[in-house]
Amino acid sequence: MTLPPHPGVPPGMATLADYEAAARAHLEPEIWRHIQEGSGAERSLAENRASFARWGFLPRALADLRGGSTELSLFGRRHAAPLLLAPMAYQRLAHPEGELAVVRAATALETGMVVSTLASVTIEEIAAAGRDAAAALDRPVPPLWFQLYLQPDRQDSLALVRRAEAAGYEAIVLTVDAAIKPAGLTLPAEVDAVNLAGMRRIRQTATPGTSGIILGTALADAAPRWADLEWLRSETRLPVLLKGMLLGEDAARAVDLGADGLIVSNHGGRVLDGLPSALDMLDAVSAATGGRVPLLMDGGVRTGSDVVKALALGASAVLVGRPQMHALAVAGMAGVAHAIHMLRTELEATMAQLGCARLDAIGPDRLWRFEQ
Amino acid sequence: MTLPPHPGVPPGMATLADYEAAARAHLEPEIWRHIQEGSGAERSLAENRASFARWGFLPRALADLRGGSTELSLFGRRHAAPLLLAPMAYQRLAHPEGELAVVRAATALETGMVVSTLASVTIEEIAAAGRDAAAALDRPVPPLWFQLYLQPDRQDSLALVRRAEAAGYEAIVLTVDAAIKPAGLTLPAEVDAVNLAGMRRIRQTATPGTSGIILGTALADAAPRWADLEWLRSETRLPVLLKGMLLGEDAARAVDLGADGLIVSNHGGRVLDGLPSALDMLDAVSAATGGRVPLLMDGGVRTGSDVVKALALGASAVLVGRPQMHALAVAGMAGVAHAIHMLRTELEATMAQLGCARLDAIGPDRLWRFEQ
Amino acid sequence: MTLPPHPGVPPGMATLADYEAAARAHLEPEIWRHIQEGSGAERSLAENRASFARWGFLPRALADLRGGSTELSLFGRRHAAPLLLAPMAYQRLAHPEGELAVVRAATALETGMVVSTLASVTIEEIAAAGRDAAAALDRPVPPLWFQLYLQPDRQDSLALVRRAEAAGYEAIVLTVDAAIKPAGLTLPAEVDAVNLAGMRRIRQTATPGTSGIILGTALADAAPRWADLEWLRSETRLPVLLKGMLLGEDAARAVDLGADGLIVSNHGGRVLDGLPSALDMLDAVSAATGGRVPLLMDGGVRTGSDVVKALALGASAVLVGRPQMHALAVAGMAGVAHAIHMLRTELEATMAQLGCARLDAIGPDRLWRFEQ
Amino acid sequence: MTLPPHPGVPPGMATLADYEAAARAHLEPEIWRHIQEGSGAERSLAENRASFARWGFLPRALADLRGGSTELSLFGRRHAAPLLLAPMAYQRLAHPEGELAVVRAATALETGMVVSTLASVTIEEIAAAGRDAAAALDRPVPPLWFQLYLQPDRQDSLALVRRAEAAGYEAIVLTVDAAIKPAGLTLPAEVDAVNLAGMRRIRQTATPGTSGIILGTALADAAPRWADLEWLRSETRLPVLLKGMLLGEDAARAVDLGADGLIVSNHGGRVLDGLPSALDMLDAVSAATGGRVPLLMDGGVRTGSDVVKALALGASAVLVGRPQMHALAVAGMAGVAHAIHMLRTELEATMAQLGCARLDAIGPDRLWRFEQ
């Protein structure tokens, strides 16, 4: 039995984990599994949470907290908190309003949203819904970024970029870690990658049973290469971020080639099992890029204290993935807005208890490494 | 079903853990939870116990134990053992006699007690009960210290200090780690912070749903600062201890500013989850303060061997929190006295088995670090 | 109830672990136990899997994957992938066709097979079945190697080697770690060590209850020695590999004495409990032998990512043991072929996701060590 | 329900763990608990097993095993294997024949036995039973040592030593770690410390409820001191061993004062909880004493591979405690003999698989440290 979403925030939702627990009842089992699962033995998925749990805090006592705030600026735009919504394919799997509910919540909480190539609503409609919500709530239009999966034909990729530019998206996020990915869900009839209508689809899955298998086949030969970054960088004036790198040397090369920002990520543990968490790689990526571009990260962020840990280890901001789907499934737009609000409340409480009145007071000295 | 407290020590109480297990049946579920719980995922709460478990002992064989004793002196006063009762709000939650039962037990066992600002009996009545019990039992009046939570208005804080001085309290313990704290229990009608009657109450909780959230609001702006320590130090001639620091550099600064002692503590894991245990920080605080003032610690002390471990790592004495509530709930004054007696017995047995006849024989050489 | 093998690959087999889980129902309990079990407390058995789990991956982003392949050459022969079938005694325990089904699957997937001295089909029939399958499928004859257990009488050992040479086996694998081994299974009537017909059998088990016990008895006195390697090396022109060493210094000595290859192995955790996994020893063996001969390894290989880890740590190829029995029991030749195909698919997907188009791109830099 | 002991070895006993599991049904619950339990949270008890589990083996391949043996000599006497029976109080708790059954088994297997001060049969009867069994089985009289607990009155201690000398005991083992020990079992009517008849008994337990508690009382004042060792050493010509030291510096001092051997031990985890295992301390004790006297150890030895580990880390021999009680309870003399035989079989198999033909080939190079 699948419960319909609540019209507003239901009682008992005090943490993002409460939404996660509640969401299961609101989703078909195969959709629930699809959202939750990691690849292989789910070691990377588990690491995403475990790597946060290995860190604790060393607070400054008696710090002056007056006039504190969590604000930051990214690519010239103000964000209320160092927290964005990660690109998620097919948000209508979780709620009939899908991306539209999410963009409205993002607007209400002044939170940036990264819209996926595989969104289940057109990127133009999402941007319009954001503008309408901003007007209705008397807020600024939220920062929207467009996440690009390279298409088999370059003109299709370029068409997506041009549409995003025209619709007011403020950055392009090129995801580079998902060209070779385990087979996914069979989509229900009413959900589709509407933004790719009419385009040749890329094969994301190796068909078991064929002979060449993967290497030496069209699938592997089409995987994105450095030249694709150079091409994209030359085609748009928007900031270009790369999503899905983990190594310092790759990060440095990306910046050398013009990347304006990086999202350190293991794709939520959904691609190669055995990848370390983004959190564990932040330090090395940060050292390799030396502050030349903003570093973002995602994977396993579930509480405000997780946000503080990521910032202490070098991130400028974090992205949140699956919790969007959980909150959507439970309570649509109200759920997503509530979830963001809880994260921000926890973030501020953590900062206050740590003696950090502003983001730049958060550094590695505020962290403690647990033993086991 | 909630059992009434036993009139005396019931059978089967051989360790403090037995009182803890038994207490559950004597307490309303929400009060039980309130006493036991830690914040967040309760990692700090767990660490408080785990950090003791990581240490074992290296005994000296064939040591001369003749004439041994656990006595020590703090601020010029004799204590039978290096063991005090930590400040606990609202002890009448656990037993109708609350703080009165506790102070009588403390007197019987010659054990110091730190009375909370949030005591559910007036500090004057508590002091009087101690004096009466001392007379009845022919013991010295026990060392009583007053734990201060800074009040929104400085004159209220000062009034509390003056009352404590007048009532014979021998030290002021300023708790600095609980200004920003998760929402607490709704108190039953018969229990109240009677010592704060007529004072403007400080808001300990951020109200979820408001907009500024925490930073930049009155709550964070009112958190105690270093200037408050200087002010308090200048206002009283009693020794002033700070409770709730974990960092060596903060501890050193506190001593520089005149603190007479420190209680290293993570507030029983009830404030910021992710704090290390006080035990794990002792060594660094001890190094930073270099023996200039006595160091006390609390968090997770449950056996006599825990006391030895804390002393070996640099503490002069330890405080015990929740076990007071457990023993109170099970058997009132008799329970608390029995719990203290068991701790002291275990402490002496451990010292004897370690080959330490006196407290100053307990040092880091007597400890062994377990592997996992 | 023991299920008969399926005629083809049954639904639901997506990993080797699925075959393992399914196999139980197809095997008599004592045969299942015999296949699965390790010696003693099964610590070495557990380590074989745990040592793979301790490693993760550090991928290169945006690598050029065009023209990738998993091919390699061993002793002058092409292998489709760095993956061979380990010698397994008595494969007819798992399926009536036993070794014949396995050699056909090996031929179909162009995978080398190491045939055991304790095969339950004659080595000549196995070789013939391989040739026939190759002709039928229009594939090359697969590389077959013969695994030798030294016999009590040297002329018997030599007779086995001469038969293997005559039947077209391309290498001799001398297993050196199983002379003293816990008592095994009582074989069912229809399964036997047919290749040892007429030979004096070696006693692999110490009889409990006798007095000299093991040391100082014929059993220990007959264990293989270095002189046996020298003798074997002098008697055949085939490459000689040693299977069952773990120490670098022994490996170096073996190479000095003419061994052409080494299979680092703890015999699937079936001999001395407490041995480290082969994976954990690879690095030291590799350093001690300095690339003079190919290193192979076995123990716990269950996924394509395991293969990558072994190669990154110094192996040229890996062998797979128990999964042969699982796939055989579930679906005979089709099962074994499917299992090999899945391993190769996973291997290629892992390489692609790591940014490794060819085997020589796999090195220790591609590995990440997990914390706990 | 308590089962009577079997007349001979029952089926299904393949390891000492099988005897342990079976013994429970043959013992009254409080006796079972008494035998099994450790003090406090039983961390030391658990460490005794865990510290063995942390070690594995690195075997030499192709070693020459001809003419191997486990024999050794201690204080001029031949032992069939590096394995003795630890002193155990009140063996009649486990079996009506108690120490008599044990000494007969020891004789049959040529294994040394250390008889406790708290034996439930007189030391003279035990020695006589050993001589009778030796004659009946045509074996040498087994090496018997006497374990001494110092008595409140020195003349009583001396009387015990003189009786042991007269009865043919070949060494005195002075146990120094059990003067302050948690209260023990109430003995059943038919079991008693018969060797102490008429002597003033030492109080092993602090009485809860008294005021001085432990330090500063007669109990602590009477604990053994270095002077007691010097006194004992001067009173007997038998070798004197100290049992229950863990620190290198204490061990060195004991040897300086004339101790002829040491038994590194934490008393089976029954005294101070938190002590490291003897195995973990062996290396340091061995370094501190530099081979001047034989080192023995006990605590957690349950398999032949445990014996090898202890020897590799510096022990000359090991003692086995609780398994005596388990085997006794299950099958009396036959059980104890079988248990010893199994340990010796496992020891020889482990040595053979390690490539060690004799005890002196067992060194730290043969050990591997597991990761977690």
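Per-chain numbering from 1; labels A, B, C and D assigned in written order.
Assume a contact is a pair of C-beta atoms (placed from the backbone, for glycine too) under 8 Å apart; a residue touches a chain by one contact, two chains touch by 3 or more.
As the structure is a prediction and not an experimental result, all values here were calculated from the model.
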Chains contacting each of subunit A and subunit B, listed by label: none
Distance from subunit C to subunit A - Cα centre to Cα centre, in angstrom: 44
Mean-CA-position distance for subunit C and subunit B (Å): 62
Contacts with 2+ other chains: residues of subunit A: 372
Chain contact topology (line, ring, star, complete or other): ring
Complex interface listing, subunit D residues touching subunit C: 53, 55-70, 303, 305, 341-342, 344-345, 348-354, 357, 368, 370-372
Subunit B residues touching subunit A - in the complex, by the definition given at the top: 40-41, 43-44, 47, 50, 54, 176-177, 179-180, 182, 206, 208-209, 213-216, 220-221, 223-226, 228-229, 242, 244-247, 250, 254, 271-276, 372
